[in-house]
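Here's the structure, in structure tokens; my notes come after.
Chain lettering (A, B, C and D) follows the sequence in which the chains are written, and residue indices restart at 1 in each chain.
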Amino acid sequence: MIEILAVLGFPLAGAAALAFTGARREAPAVNIAASLATLVASLALTARVFVDGPLLALDRQFFVDPFNVFLVALTAFVGFTTAVFSRPYMRIEERHGRVNAARLRLYHSMYQLFQFTMLLALLTNNLGILWVAMEAATLATVLLVSLYRTPASLEAAWKYFILCGVGIAQALFGTILLFFAAEKLLGGGGGALLWTALDGVKGQLEPTVLSIAFVFLLVGYGTKVGLVPLHNWLPDAHAEGPTPVSAVLSGLLLNVALYAVVRCKVLVDGAVAHGFARDLMMGFGLLSVVVAAFLLARQKDAKRLFAYSSIEHMGIMTFAFGMGGPVANFAALLHMTVHSLTKSAIFYTVGHAAQKAGTQVIEDIRGLLTLSPAIGWGLVLGTLAILGMPPFGVFASEFLILTTAMNDAPWATPFLLVALGVAFASVFAKVQPMVFGEPTTKRLPERPAMVPVFVHLGLVLMLGLWIPPFLAEWYRQAARLIG
Amino acid sequence: MSALPLHAQVINLLAAILLLLAFAMLTQRRVLSLIDLFAAQGLALAVSTGIVAAYTGQAHLWWSAGITLALKVVALPWILHRLIRRLDVKWDVERLVNVPTTMLIGIVLVVFSFNLAVPISQLSGTITRATLGIAMASVMLSFLMMITRRKAIPQVIGFLSMENGLFFAATSATYGMPMVVELGIALDVLVGVLILGVFFFQIREQFDSLDLQHLEKLQEGE
Amino acid sequence: MAVPTLGLIGAAIVAWLAIGTIGLAAQTRFGFVSRGLFPAGAVAGLVLAAGAFCAVGAPPQSAVLPLGLPDLPFHLRVDALSAFFLLLLGVAGAAVSVYSAGYFRESEGAAPGLLCFQYHAFLAAMALVLVADDAYAFMVAWEAMALASFFLVTTDHRIAEIRRAGYLYLLIAHIGAIAILLAFGTLKGGGDYTFASMRAAAPSPGWATVAFFLALAGFGAKAGLMPLHVWLPEAHPAAPSPVSALMSGVMLKTAIYGLLRVTFDLLPAQAWWWGVVALALGLASALFGVIFAAVQTDMKRLLAWSSIENIGILVAGIGLAILYKAYGKPVLAAIAMTAVLYHAFNHALFKSLLFLATGSVLHATHERSLGRLGGLAHKMPWVAALALIGVLAIAGLPPLNGFVSEWLLIQAFLFTPTLPQSFVNMLVPLAAAALVLTAALAAYVMVKFYGVIFLGRPREPGLAYAKDAGRWERAALAALALGCIVLGLAPSAVIGWLDPVNALLVGATPGPGHWLMLAPFGEERSSYAPLVVLAVVGAVVLLTIQIVHRLWHGRVRRSDPWDCGFPLQTPRMQDTAEGFGQPIRQVFEPFFRMERELPSPFDAKPRYRVRADDPWWAWIYLPIVRATEWAGRLAGRLQHGRISVYLTFSFVTLLALLAFVR
Amino acid sequence: MTAAGILSQFLQAGLALALAPLLVGWVAMCRAWLANRSAPPITLPYRTIRKLFAKDAVVAHNASPIFRLTPYVVFGAMVCSAAIIPSLATEVPFAAAADAIALVGLFALARVFIALAAMDIGTAFGSLGARREMFVGFLAEPALLMVLFTASLISGSTSLPSIVDTLAHRELAIYPSLAFSGVAFTMVSLAENARIPVDNPATHLELTMIHEAMLLEYSARHLALLEWASALKLLNYSCIGLALFFPFGIAGGDGDWGAIALAVPALVAKLGAGGFALALIETVSAKMRIFRAPAFLGPAFLLAVLAMLVHLLLGS
């Protein structure tokens, strides 16, 4: 209760405060402090849920169960580390003359606002509010993506705005249809949009309406997840915004969008018997994995490369959630966690590498290992981790997903095999020369923030070798909830 | 169907008008007229919401109607007008697909939406259930409009008109979403338009035009 | 007394990890790392070997570690099969570690501490692969092994070719790993991921076949089985020589281990035609590998190709064992399996020995190209003498170890006519022919290798300054050579010791042998007594020397070479590596893609160069690359850049799905 | 292991050592007759060997120990082989130490050493000879093994005495597969013993020689041992051929002194006939270019494989 308010209140307060002071010298510290407070609050909330079980609060408007609370913790954590990272990163950007004071203020304020919307989307029990928060998240990040005001960043932001706006409008239609179906059972009041209420009556909901609603919801939130062929905004937005934004987009926003899809899937599964949502999600997931893998081969821009990799991984998660069952859901949740951590770590290193080289073009970034071993090792280890090399955690989830697929959906495995192979070939072919070889980089005016990178990678490494029992229990409960 | 009460008949009429306006927007060439059509759509929406509110006696629907009126009939058209004046663009709208083809596709879409809505409408408890098909059709038409326009402002208007369709679905087919949600949606739309306004200036500053073909650089070409 | 074998093995693994970590911490203290840590690693290797040696005959021991996935902690288990390969790892690893203590020099390549870490992590990962008893632990160790060796391969990452080799290696290893993973997924059926439950699950024949071929592809990719071998001749030579030795000598065997584990242990039954496929692939690799080895001009590449050959022989032997087992002839399967295991051990010894020898040559001369070596027998007598043993062993000459396994395998082949399938019967002469052709070619290759490097006259003036290897290196080489001799002379003892492994894999053991004589089917059928042969040949040699010197004299006069009286001899008149390979190139021309570079008649210092490239690039890999590029272009069209197109995608998707729902 | 066995073992080895130069001399004699030349004395090889033993060995400055060790190793391997092959009796106790495969292994050992020694001095001709020798060897060795395999399949054993026992002392059977093998074996023997059409034992014409090119740097006792060893090799191949395809007269394994006594003249007679046949072949055929060798040995290999197939197909 109080924890929920704290989790939501700190970022909101931070946003407000930074809207006025965001250009000051101490703004990054405020940003970090707000994120830290959020993190602490979310940990308290997590502990509470862990001890007391699922929590309904504030007139049933907020609902916390193992599924979303772990995402809350993850969001707060990555939000915090990204804030830590963005301190030196944005200072270097400022020194390089890419942002001015006003934009820094915008950046800091919107960063906190974005945090707020993410957390709101996760915590709310109301599917309408979920939609509102998702839309608000889009709005907040649009401004972040276009922060540099370069033609490319404007173009990216415009596409991001229009595509996600239209996409999310479809999600609203889906939500209306859900409401429409539930209204008869739950009455026209506020109850018909509450997920817990819907979950209670999901067996009686009208299958036809729900399947149509799910199509709209999937297309809507799927746009934000970055499912092919709805993904086109994603690489542009990731590549052209400031790196901390790329990191949170990949690490958090996509997760939250997928969370929304999965919440809806649970309802649809209750109503529509014959694996309708399962097939759709598996199909979209597989298509995303395959197409993204082949697109990876064509990238020339480092951040764009990893944006496509995000599409690939969201595809894997969607596929796994679609497949369902305790193991696949477990694996998908684990994958969400490790992907967030790894991908944001990669973006941190790529961001610094790009600052060092003065460009994001892969061909002009060379020999990181020689001149800046920390960045080089961070990048190569992160890349190997994201490509599914053990002992990193991404491998653990891919292991579970692939082996489960071999039993539950063997037809999909050749595609996965090809896609993972092509993805590995493409990404590693690009990263290896960036890291190895003769250096081309210069010195940075400020010490790069490598601590978040290695903290993330360390956690991912740990998750590959040992998942703490409480975390495992959490995943298991969440996997059961998802069904 | 002949025994429909009056208010239902009015709502159906308004729905038809909404659809007609959507078609008109689809084919409209001038940007200022487009804004006027959008305002008219908003008006129809507000009126229909008001009628539903009067009939069902749900207080929050009055609020909805009010917000719609304020936002979509007054505020947004005003903002857009101002923008156009400030940006000094009054050109004709260029399009990617010619008008007859667009119309043809639009009609197909309407048929498709009606078909899709029929089984859903059967289940509805509301008397104005048939409007769901119209709402869906107008959403689709707005979508089509966004696809066929190559300037930024008409695209945004398409986006807003899609929001209208959705809103219509929410009010007429279900007697309105919960208040918080509607407020949230309205806020999002407003903020969105404001941000877009800022965007227009930035885009024009960078490209000297609001033509979307300048925004085609980020791609996976050779 | 029950020896805590798993405990010993675990201790060795932990020790390796600890040594690696210490090395990482002591980045710059070169002397400590090389003279202190590497020998410590060797000791750990010996501990591992000791534990493994005891474990072969002992009942399996297992343990569960509190690591891994929540419902799947790491299961460890040592049974006869893993113990055998662990012994191989321990022995070869210890020798290579001793060698490394003398090999790594200051200011060469990467920081010694990092190298030390990667090296010991590599060793530990290999050991973990062998003791893993569930799919997850296996895969983690497997990929960690690939990763560690990848970093070792790219030690000299500033050289573009080495980067390319490392990339190719890791890529193929990773794709292979996914295949293995899918094989485990197939095997597990409804159960969990432990090997125990995989054994209990009984997959249908169709799924069993899928699992087998996935495993064959996955492990084959790691082992360098054709056509997934292309990385091997690139990556093995690129690594520092001790690492090449470990990769060729030990790491490839872990793939053989995996294949054996899946095929004979985890799968309940084998289909005969798997054996035919394995036999065909194995022999094709063997022949292809040896032909390519014959035309190489880089000494380490030559050895790498020879590894492909040997792996081919191993897989062919496995194929034969599958055939026999599927037809219900476990004793014959046991003979074939014995040959495989024996050859695996042999290869670990002599290939490590030869790679290490090339390392010493490399250090002494800074030269890898055979065309610039020669005459090193005078400058490096120790290395030359020890390498000679390795060369004779790998060429399959009696009385050394290579011959024993070759002999066993041929014996196994000669029994195929007892199989009921006439198609298989017809196949066998061809298979046997390919095998003996391979063996004969291997001798050709090794004469070339040894003759060009160590014999003749130095081809470059710089070779005059070459120095023999140091003490550490010599000790390691001598130990490996001794292993070759012992395994060559006492096969019966070794084979008897292998009984538990055979019992585990094929459920039978070859007939009891005489201590002196190898006669798995009884003496009248066939027999081979290396000690006797050695004694007789040795006696004849000594007797002849004595008689000749007594009856006549032992005077020797030194003079210039005669060479038919041609006076202007230069070292450049010797056969080069290219020249030595020329007959092979001519005979097997269709196998190669050749590029010749002929010198112009006016060239003052003419050099003839020829490159013989692997045709598999053109046959498989380039088409795959082109197909990928094509698919990439196709996918690239999705990212068209125009927002209307993107909106159309969304729109069409929405409409299609809605139509689908209807 | 009987006394007769041990005796026949030593008798066989001793006889081989003694007869080997004689066979070479006999072949040379026959060749001269067939070419209408006056023949050298049949004892010429003995005299050559004795003369060489008496001379001072001249060794190149840069010869390594391998160079000096090789003659002895080659000689030892050949003597050892001679002891394995049942030329007189099938009871040869030492044959248990090495079967047909090991025999081929011993030949290979000799070949590898001699090739290494040829490369040791670093002359143009030496390495050329080594290369050619290994080239011929890699084609001939598998063919030889395949010939032996066919015989092994017939007798169900790779032990040479058992093979001969089966072929000579069981009920008479006609083995069509052996006909193929026989042709293949003849071709292999010609190649392996440096005979026309692959090599010419009488030539020192540099560009065509194989075997002689490798011995160029040897002199005195080393050369004598190598010459003797190559004579032994010829004898060994002849004995293998005789044992496989004309096993008549070889004593059985029952310690029959009379049979052994009869076996000696039978062997000499068979060798005489074989030597004449060899001379005949050499006279009527021409030396080929070295790169025709695969065209000669390839078919030999194929014939040997074919023989095995025929055996499997016909079951005989």
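Throughout what follows, a residue touches a chain if its C-beta (ideal position, glycine included) is under 8 Å from a C-beta of that chain, and two chains touch if they have at least 3 such contacts.
Since this is a predicted model, take the numbers as computed values, not measurements.
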Selected interface, C-D versus A-C, where C-beta contact pairs are more numerous: C-D
Where chain A and chain C are represented by their mean Cα positions, the distance between them in whole Å: 43
Separation of chain C from chain D, taking each centre as the mean of its C-alpha atoms, in whole Å: 35
Whole-Å separation of chain centres (CA-atom averages), chain B against chain C: 69
Distance between the centres, which are taken as Cα means, of chain D and chain A, whole angstrom: 78
Multi-chain contact residues (two or more partners), chain B: 116, 143, 146, 155, 215-218, 220
Residues within chain A bordering two or more other chains: 158-159, 162, 166, 212, 235, 295, 298
Chain C: positions in contact with at least two other chains: 635-636, 638-639, 643, 647, 650, 654, 658
Chains grouped in pairs wherever the two touch, ordered by label: A-B, A-C, B-C, C-D
In the complex with chain B, residue positions of chain C that touch it: 635-644, 647-648, 650-651, 654-655, 658-659, 662
Residues on chain B engaged by chain A in the complex (per definition of touch): 58, 116, 119-120, 123-125, 132, 136, 139, 143, 146, 152, 155, 159, 162-163, 166, 169-170, 173-181, 184-185, 187-188, 191-192, 195-196, 199, 202-203, 206-207, 214-218, 220
Residues of chain A that touch chain C when the two form their complex: 158-159, 162-163, 166-167, 170, 211-212, 215-216, 218-219, 223, 228-230, 232-233, 235, 276, 280, 291, 294-295, 297-298, 369, 384, 387-391, 395-396, 399-400, 402-407, 413, 416-417, 420-422, 424-425, 428-429, 432-433, 436-438, 464-467, 469, 472-473, 475-476
Complex interface listing, chain D residues touching chain C: 53-54, 56-62, 64, 66, 68, 72-73, 75-77, 79-80, 83, 94, 96-99, 101-102, 105-106, 108-109, 111-112, 115-116, 119-128, 130-132, 134-135, 137-139, 141-142, 145-146, 149, 152-153, 156-159, 162, 204, 206, 216-217, 221, 225, 291, 294, 301, 304-305, 308-309, 312-313
Complex contacts: residues of chain C adjacent to chain A: 66-71, 135-136, 139-140, 142-144, 146-147, 154, 157-158, 160, 163, 166-167, 170-171, 174-175, 178-179, 181-182, 184-186, 188-190, 193, 628-629, 631-636, 638-639, 643, 646-647, 649-650, 653-654, 657-658, 661
